[in-house]
Amino acid sequence: MTNAAASVSASIPADEEKSAGARLLSGIASRLVILVPYCWLLFFFLVPFVIVFKISLSQTAISMPPYTPALDFGAGFAGLTDALKELSFDNYVWLTEDPLYFNAYISSVVIAGISTFLTLLVGYPIAYGMARAPASLRPTLLMLVILPFWTSFLIRVYAWIGILKPEGLLNQFLMGVGVISEPLIILNTYTAIFIGIVYSYLPFMVLPLYSTLEKMDNSLIEAANDLGCTPISAFWKITFPLSLPGVIAGCLLVFIPAVGEFVIPDLLGGSQTLMIGRTLWNEFFNNRDWPVASAVATILLLVLVIPIVLFQHAQAKAQEQDR
Amino acid sequence: MNPTWTRFNITSIVLGFAFLYLPIVLLVVFSFNASKLVTVWGGFSTKWYASLFQNQGLMDAAWVTIRVALVSASVATVLGTLAALVLTRYTRFRGRVLFTGMVFAPLVMPEVITGLSLLLLFVAVGLDRGFLTVTLAHITFSMCFVAVVVQSRLLSFDRSLEEAAMDLGAPPVKTFFQITLPVIAPAVISGWMLAFTLSLDDLVIASFASGPGATTLPMKIYSQVRLGVTPEINAACTILIAIVAIGVLAASVVNKQREVQRRRDEQAAQRG
Amino acid sequence: MKSLGSIRRDFAPWNDPDAKPYIRFENVTKRFGDFTAVNNLSLTIFEREFFALLGASGCGKSTLLRMLAGFEEPTEGRILLDGQDLRGIQPYRRPVNMMFQSYALFPHMTVEKNIAFGLKQDGMAKADIDARVAEMLKLVKLERFAQRKPHQLSGGQRQRVALARSVAKRPKVLLLDEPLGALDKKLREETQFELMDLQQELGLTFVVVTHDQEEAMTMADRIAIMDKGEVMQVATPAEVYEAPNSRFVAGFVGNVNMFEGAVAERTEKTARITGSTGAQILVENAGDAAKGANVAFAIRPEKIKVSSKKPADDVNALEGEIYDIAYLGDMTVYHVKLEDGQVVRASTMNAARIVEDPLTWNDRAWVSFRPDAGVVLTR
């Protein structure tokens, strides 16, 4: 493990004893800097996934915890082979047999996909307008986009219940101005979920879009105009293609968590709508079937692996460019 | 005025911000509604705030939430800052790819997965669910947000400041505390605030990780919301929003004042 | 034929009263809020001319260029191109193209696509576009780089792509905003001549904005020197250098020695100037400086002779002491401190390798010059 800090301190020739001590100290320090967060994340982020996978292969039992241990590391090799025989894919078979799960996965991905697209449609003009705003105004606008993100997710979703209900504020308003005569049924439908996701995740879409649009050199647009391109066609030929990194980052930031979303379908979608995050929650809290819940989580993770890797890749690339 | 800022741009910003803020504003307004029907205005009243403070269950939950948020934000800030240092300064070590992955994945990981996996970990190691487990869970996911915030500041940090300190004889650890940390302090502070509010707001992970006796405020609110919208919940939400808004605004005012002061100092220095 | 400087060009439509101007700025003013970037400016540019706008940053030269391109509209006045008023015509409808200071190459397109971009906007047939792009690539010697993206090119190559892209549409006028600003010195000198050749070859009108006087002097047929939104002088490089019309222009272009004083005697052609500290200078071609007027006598360093003895022939000779010497290889610059304290800068070509008894620091010395070596400035 080489690092700049250690090599710099090593090159100080002065007091032999002191520099050796300092070198040792800084060597330990730089190792600790890496090890502490590394181990924390290993133990609290990566190991839990292994456990989830392990439990998804075990049997449901009526006990606490409500599953039979699938692996006992204390029993040595014999215990390992025994345990391997015990492992079962029953939970996964169960998931494929009941169409509920399959439908929940499909519907989650579709809902997340549509919502992501809608968020892009709503977010792009906002980010574009912010990037074109006078430079003195931009920090304030940025602040205003971030601010809702600081207020509770739960509260923001909850606020929509009062608006979307049949006797809620939206219907009162629309009927008051005479646009409709019958209240619209929005709450407890997929429309409510779309609204909820677009609303809650909008800042996640606007921020990466804004940062790519803001960095863009205005002389590129001027050059396109100068070469005979109308403003609208310059947008599609220059601005939009160049903002693609922001579009991709924003879409992934919305899509991935939206697939596993629980609060929004639970509060706004009612009992009729199907999303996998809620299915998992129900398996765990209502049916107390931890192994099946683990299997649901494992499959959900597999569904999301590709977008998550794409997201990592985009992040790493953006970081390289900033460097 | 920037000539490229068209009416279309202004309209989309105004509509976008109306969309972002109107629901919150309505929620706050209706917390002062005298009527028990949340959506029918029955005159101004603060009675729901009074009944809120008499609701012992909510008050207990609030106290738990604040303690969890204070502890988890502080630990997450230390760990997240370290992680940010690793991301920006140690570009070459074994397992770096895995490390980067573990920092960025929790940002987008659906909360139900994080929550379930942490719970199963706590059960596997035999940790009783309660205050400690919620705190550990919150540290884990909020440290990644802190890492991202601090990392972006470190990327724009002028390395020659550190090199100058070391050139003048400060060893690396001392350099970090005397030079690096003061410079990146604003990012570390906003990282702490972000971790604090994330912890304050979290429902899903807390529901998995907490046990009896450690019910957090969002869990309490959630269980009441499921029964229907009540003005009392509106009042509770308004207080939470107010706390966060005051915190964020205070921070930005302090920042702005410091900026103004700095500019004034610079001008004074220019004049000699 | 006697001429200012040493070159004489046949291309001089500005001296022909019958020549029709191609671009005409008429009393153009541009304000941004309270700030006046261009102030009541009138200017004419002729077809096939290589015209330079020279000035320090913030003098309004870029604004002038951007108004011609259509990115800014004049607050007052009008701009005519080939007899047509440009007001209200969008940049994408104007028959002018611009080469941007930052080059503004589209980073997501190859060199070829960048060059073809403007042609595609005109709906040109595919085969014609390909032919034109190939021709442009050949012109700027980048045939091998057609498929590269801008970030895979060197600074000089990017500059050439930007140039090829802006001339591909055969615009009536090519606008160049600091075209060589981002290149290093050596490359800049080479490219100056390439730009001149290109302009000759294509027969286009070039308007170039620059803050580099050497660049403007080398390339341009005429130079407009700008200051605070106004044109101070429009003239050929030789006129600007040898016959500046004001103290500002004389000081802005090249090095100059300026003697402030008043006209003591005046004949039809000559004038005797008494310096504020008593020095007497006899000048030919005194222009319109009236007797008693406060004037400046401006003389370039290379037109001043430095010698250790008082020269017999020169009417203008001033005594002083060698104060500083800068040896630059091709020439040597002497700073001579006159009796009245003014420091005179004089440069001498080092024509011989070995000089006997050279002047050195603190030597007594005489500076001398002919009566027609400098100009009298009233402004």
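In this document, chain identifiers A, B and C correspond to the written order of the chains, with residue numbering beginning at 1 in each.
Basically, a residue touches a chain if its C-beta (ideal position, glycine included) is under 8 Å from a C-beta of that chain, and two chains touch if they have at least 3 such contacts.
Everything numeric here is computed off the predicted structure, so don't read it as measured data.
The chains in contact with chain A and with chain B alike: there are none.
The chain with its Cα centroid farthest from the Cα centroid of chain A is C.
Inter-chain contacts peak for the pair A-B, counting C-beta pairs in contact. Put simply, the C-alpha centre of chain A and that of chain B have 16 angstrom between them. Put simply, the C-alpha centre of chain B and that of chain C have 58 angstrom between them.
Separating the CA-averaged centres of chain A and chain C is a span of 58 Å. By the touch criterion given at the top, residues 69-71, 90-94, 96-98, 100-102, 104, 106-108, 117-118, 121-122, 165-166, 169 of chain C touch chain A in their complex.
The residues of chain A lying in touch with chain B in their complex are 1-6, 8-9, 12, 22, 25-26, 29-30, 33-34, 36-38, 40-49, 51-52, 55, 65, 122-123, 125-126, 128-130, 132-135, 141, 143-145, 147-148, 150-156, 158-163, 165, 167-169, 172, 199, 202-203, 206, 218, 252-253, 256-257, 259-263, 267, 277, 280-281, 284-285, 290, 293-294, 297, 300-301, 304, 307-308, 311-312, 315-316, 319, 322-323. Only residues 1-2, 4-6, 8-13, 16-17, 19-21, 23-24, 26-27, 30, 38-39, 79-80, 82-83, 85-87, 89-90, 92-95, 98-113, 116-118, 120-121, 123-124, 136-137, 139-140, 143, 147, 151-152, 155-156, 163, 166, 169, 171-173, 193-194, 197, 200-201, 203-204, 207-208, 218, 221-222, 225-226, 229, 233, 237, 240-241, 244-245, 248, 252 of chain B touch chain A when the two sit together in their complex.
Within the complex formed with chain C, the chain A residues making contact are 217, 219-220, 222-231, 233, 237-238, 241-242.
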